[in-house]
Amino acid sequence: MATGTRTGGILARPTSMEGVWGWVTTVDAKRIGMMYITTSILFFLWGGIQALVVRTQLSYPGAEFVSPDTYNSMFTMHALTMIFLAIMPMSVGFFNLIVPLQIGARDVAFPRMNALSYWVYLFGGLLLSMGWLFGEAASSGWFAYAPLTESAYAADRGMDFYVLGLLVLGVSSMAGAFNFIVTIINLRAPGLTWFKLPVFVWMTFITSILLVTAFPVITVALIELMFDRYLGANFFVAAQGGDPLLWQHLFWVFGHPEVYILILPAMGIVSEVLPTFARKPLFGYPVIVFSGIIIGVMGWMVWSHHMFTVGLGTVAVGVFTVTTMLIAVPTGVKVFSWMATMWKGSIALTTANLYAIGFIALFVIGGLSGVSHSMSSSDFQQQDTYYVVAHIHYVLFGGSIMALFSGLYYWFPKFTGRMMNERYGKIQFFLLFIGMNIAFGPMHWVGMDGMPRRIYTYTSNMGWDFWNMVSTLGAFLLGFSILLLLHNLVRSFKKGEIADADPWDGRTLEWSIPSPVPHYNFARIPNVVSRDDWWARKYVTGEDGVTHPIPQGGAYAENEEDVDVHSIHLPDPSYWPLVTAIGLALMGGGVVFHLAISIVGALIMLVGIYGWAFEPVNEPDEEHEEHEEQVIN
Amino acid sequence: MIRAIPLLILGSMLMLSVGCTPEHLMSTFDPLGPVAAEQKMVWDFVFWAMAVVFVTVLPMLLYMTLKFKRKEGDPIPPQTHGHRNLEIAWTVLPILVLAVAAVPTLNVLKYVLEPPAGSMQVNVTGHQWWWEFEYPELGIRTANELYIPVGKPVQFNLQAKDVIHSFWVPKLGGKQDAIPTRTNVMWYQADVTSPPEGFYGQCMEFCGTSHANMRLRVHAVESDAFDIWVQAQKEPGPVAEDLSELAAEGRDYFENMDFTATYADGAVSKQRCVYCHTVDGLGISGARTGPNLTHVASRRTLLSALVTNNSENLTSWLDNPQAMKPGSRMPNPTLTDAQTVALVEYLQSLK
Amino acid sequence: MEATIAPQHDEHATTTGLDHRKMLMWTFLGSDCLFFGSLIATYLIYRGQSIQGPFPYEVFDIPYTSVSAFVLLMSSLTMVLALSAIQRGDQRNFRIWVIATAVLGSVFLGGQVYEFTLFVSEGLTVKTNLFGTTFFVLTGFHGVHVTIGVFMLLSLVGASFAGKVKQHQSINVELIGLYWHFVDIVWIVIFTVVYLVEAPAIEAAKAAVGH
């Protein structure tokens, strides 16, 4: 390890990976990934509690469990928490854990920026959620339509926490995305060409491109709203000619790619899990990759389907109807390919696989209701009803969350060195699956029965009572199953059965290295020959179509002894990302509370940036200098 | 286990049909006019398409999960990478299905967004949290309860005073948003008369604290009944001479009495009923801050179709508006019991 | 031995051969296009929609702004010269050209500040109307980008005097140069779209009064 030196910072550069300070200054993608996942699970629980408050209030007509304003904050913050603080970061957590391993790299391209992304997420998430502490949580819906969000109609600071929280979180998302774009293009192991990449890596890549192109648009929308609220600008002020639809267009030009940002990583995970547990390659790999790219591109052409009822005119609505219907095609193709992967496979019903198969079922349901939404003329009846709420929860919970949980069960052994309890896992899965359907299934009926969304109560003569109560009970069952998942995670972490490197007989590179993964990932960077390279090292398919193991399989494992792992250079830990993140968060928070805080924050951020810029990736030490000389000469 | 699959299919069909409750007041399965009917037709088409996919794909998934379940000693299966013709088929087939679906969708889209020529005009303005209706051709203005003649198309010109709202009466058709700075056009036609309480409607775009309470009713009546209603609406409010003593006192309070108004945000000022609410025939009129009350007693409901129109509810409202409609722009008027009783008597005489 | 260690800091051995940081800068600039694109789109959507003045034709001084645009354009030239100098190992000229770039950038910013204060004195603020709102936010954020660029240039000068800018590490200069040229190009677009091209409604209004 490098020796610590003073590099312009007041403190010596951290050197150790031990203890809390080791985690706080880490630049190791694996640790950052685990921090992302842990934090996102905690925010997921918080978002779930908010959901249960919503469901309790709606469980019977005329309930007074919470006040209308509190209820309106609950559904607003529930959505923001789940989308920005749970699903997206959990996906990014998996990017961090899995992508470097699947491409045969030791870390991402910019380890310190990676750490920055995490810390900015944590602080941004706290800033976004902080409104609750003051009784001023945002209450204008997660989509925050102007002019309801202007100071005249949203006088408290809820929208300020919203604007600044999301601006800060945007920095985290974009920094992370930039990192993965460069990593995937530039750090692939020798021989690993694009069409040999695991689908999870492809989906990470496409998602990252969507992130860096979509977030600037919402950044502008948020800035415009901020200027209206703080400086009296007129972006959305009707009296001055401001157009409320400008907000909607900007928001949804971001918002639609955002939903693909939410689902593509999930599709990537499922594309890894299904083939492994079917012992067959992914069916139609090129088509799955191309359909992912097409979804990424077409995702930019459909945004106004969120605005079908705003009066865009027959032509515009018609165009978006057609583009939205068409985007169902690449999605459907993926579903068929996943099912074809299972066809005539040898399917192991591990918990991870149950989640993946459950994902297909539930995502199909969500996709079908989505297709019905695309038919704009009948969508005029469905828009803003509980039918939409059903759709979004089937695709986001039944889709994204199911796949992320599949990823948890699947990759848990790789990073902790222990197996999650399978029996417990299956019980937990079934309770979740049943709970989820009981919670969200009935929302289809009450929606078509006319129940609007975003209402804090309803009257008993509408006929919605029964299904709302059912839905609430389902939600509590769902919540209970999540507690079981948590328990399984914690228990398995402490006492799970010890896992070996390749417990699932996997197909991709992460299974070729020990569990838990050593800090250098690969002792020797592999030379990749084919898609599913690890599988190809273990098995060969003869002329007769029969596949059998290669006698000396697990070829990467050999020669480990040859490699002096101590000579492997990894980036040193650093505290500058944390300092910079603190500065950025204070800058954002200060706009809500007091400008002096922002100025202090800006100064801290500048110190952080300069310290970072002048700190080398690695501290100089003797071995490293020899190596440098070799490279120059 | 596999034999359970037909049961599952039947079960899911049953589940899907459970949602059909056209008798419910806001059901979209009970189209009572051509706009709703056309939209339902599109829905029926997509519903059956979805149902076909649902009952083929999901049971297939379950079947495969069970049939190909790994057993001890199973060999590694054939490593099939793809099948070009199959992949082409399942890309092209959905495109064709969607292309077919697009035709009625787009035709109905044109139909529902373009009101027939000669439609009766109603200007709808959404406020936080009530509906203002003006019939420009007839010169009348009312709130929260709309009357339309059966069998005739009605064009709604949607506007909003403050934030975005959305106008919806499910049994008559889909919704469109009411957005400040623009006018959106939609139309309905009722082909049957409405039940006594009217067709139910509600604001469908989140508009703040009492979004849940912003409802409306549409009464579709035969043409002659409609004409009678119009005539009645054109009458101004009764003069003092035609009122009982108590009601005349209420009328005087309504027009001339200053009271301390405490608003939901804590602001306090001196107000008069007539500064916000219009009753035609009074000295001051034209105020549109609050609903037009000229014929408030003729409405079946109060507070944007939230409660039944009776003295009790009116009294509670005047006593504490925030308790009945949280966040309401109507301030608490701090009246004495006597003043309240008189005002309620007056309001109940505004038929 | 080298081939088995994945390149982290060794800029010579990436999959594409391109340096990570250069790829990052290009990606970031691509993303920044969408940022400015959204602001420019907002400006264009609201062009000609202001309910009251001042209107663009009443406050714009095209000759003045042309000069400041030229100044910024020249700063891109000096930036190119700076990069060329450091690539040759010529520290002295490198410092001269970087300082020149920073000075020209600062002159541009000074010109912006002067122009803005002039507009404010003529009654145009961010609150006045849609034109004021969209103009100041769009050009303001561009100005922020230029300011950040000037900070980076001055840091570069400081680093050079501290002996930290080496010929074989000229990539850092190249990265700042890329950013600087991008900011310049954005200004070309803004100058054209905002200053030079008028809203049709305003043109018609002007024609009507014989302007």
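Read from first to last, the chains carry the letters A, B and C; within each, the first residue is number 1.
Note that contacts are C-beta pairs under 8 Å (C-beta built on N, C-alpha and C of every residue); 3 or more make two chains touch, one makes a residue touch a chain.
All figures in this text were calculated on a predicted structure; none of them were measured in a lab.
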{"item": "Overall pattern in which the protein chains touch one another (line/ring/star/complete/other)", "value": "line"}
{"item": "Middle chain, criterion being Cα centroid separation", "value": "A"}
{"item": "Result of counting contacting C-beta pairs for A-C and A-B, higher pair", "value": "A-B"}
{"item": "For subunit B paired with subunit C, centre-to-centre distance based on mean C-alpha positions, whole Å", "value": "50"}
{"item": "Interchain centroid distance [CA atoms averaged], subunit A/subunit B, Å", "value": "37"}
{"item": "Centre-of-Cα separation between subunit C and subunit A, whole angstrom", "value": "33"}
{"item": "Overlap residues in subunit B, where contacts from two or more other chains coincide", "value": "none"}
{"item": "Shared interface positions of subunit A, touching two or more other chains", "value": "241-243"}
{"item": "Residues of subunit C engaged with two or more neighbouring chains", "value": "none"}
{"item": "Touching residues (chain side subunit C, partner subunit A) in the complex", "value": "2-10, 12, 14-16, 18, 20, 23-24, 27-28, 30-32, 34-35, 37-39, 42, 45-46, 49-51, 126-127, 129-130, 132-134, 137, 141, 155, 159, 164, 168"}
{"item": "Contact footprint of subunit A on subunit B as seen in their complex", "value": "15, 18-19, 21, 23-29, 36, 38-40, 42-43, 46-47, 49-50, 53-54, 57-58, 60-61, 64-65, 68-70, 74-83, 86-87, 90-91, 94-95, 98, 101-102, 105-106, 108-114, 128, 158, 162-164, 166, 170, 173-177, 179-182, 184-185, 200, 202-212, 265, 326-327"}
{"item": "Residue ranges of subunit A touching subunit B (in the complex, touch as defined)", "value": "67-69, 72, 140-141, 145, 147-148, 153, 155, 238, 241-245, 278-281, 283-287, 309-311, 313-314, 317-318, 321-322, 325-326, 328-329, 332-333, 335-337, 339-340, 342-349, 357, 360-361, 364-365, 368-369, 371-372, 375-385, 441, 444-445, 448-458, 461-464, 539, 541, 545-548"}
{"item": "Complex contacts: residues of subunit A adjacent to subunit C", "value": "104-107, 109-111, 174, 178, 181-182, 185-190, 192, 212-217, 219-221, 223-224, 227, 231-235, 239-243, 246, 250, 253, 522, 524-525, 563, 567-571, 610, 613-614, 616-618, 627, 630-632"}
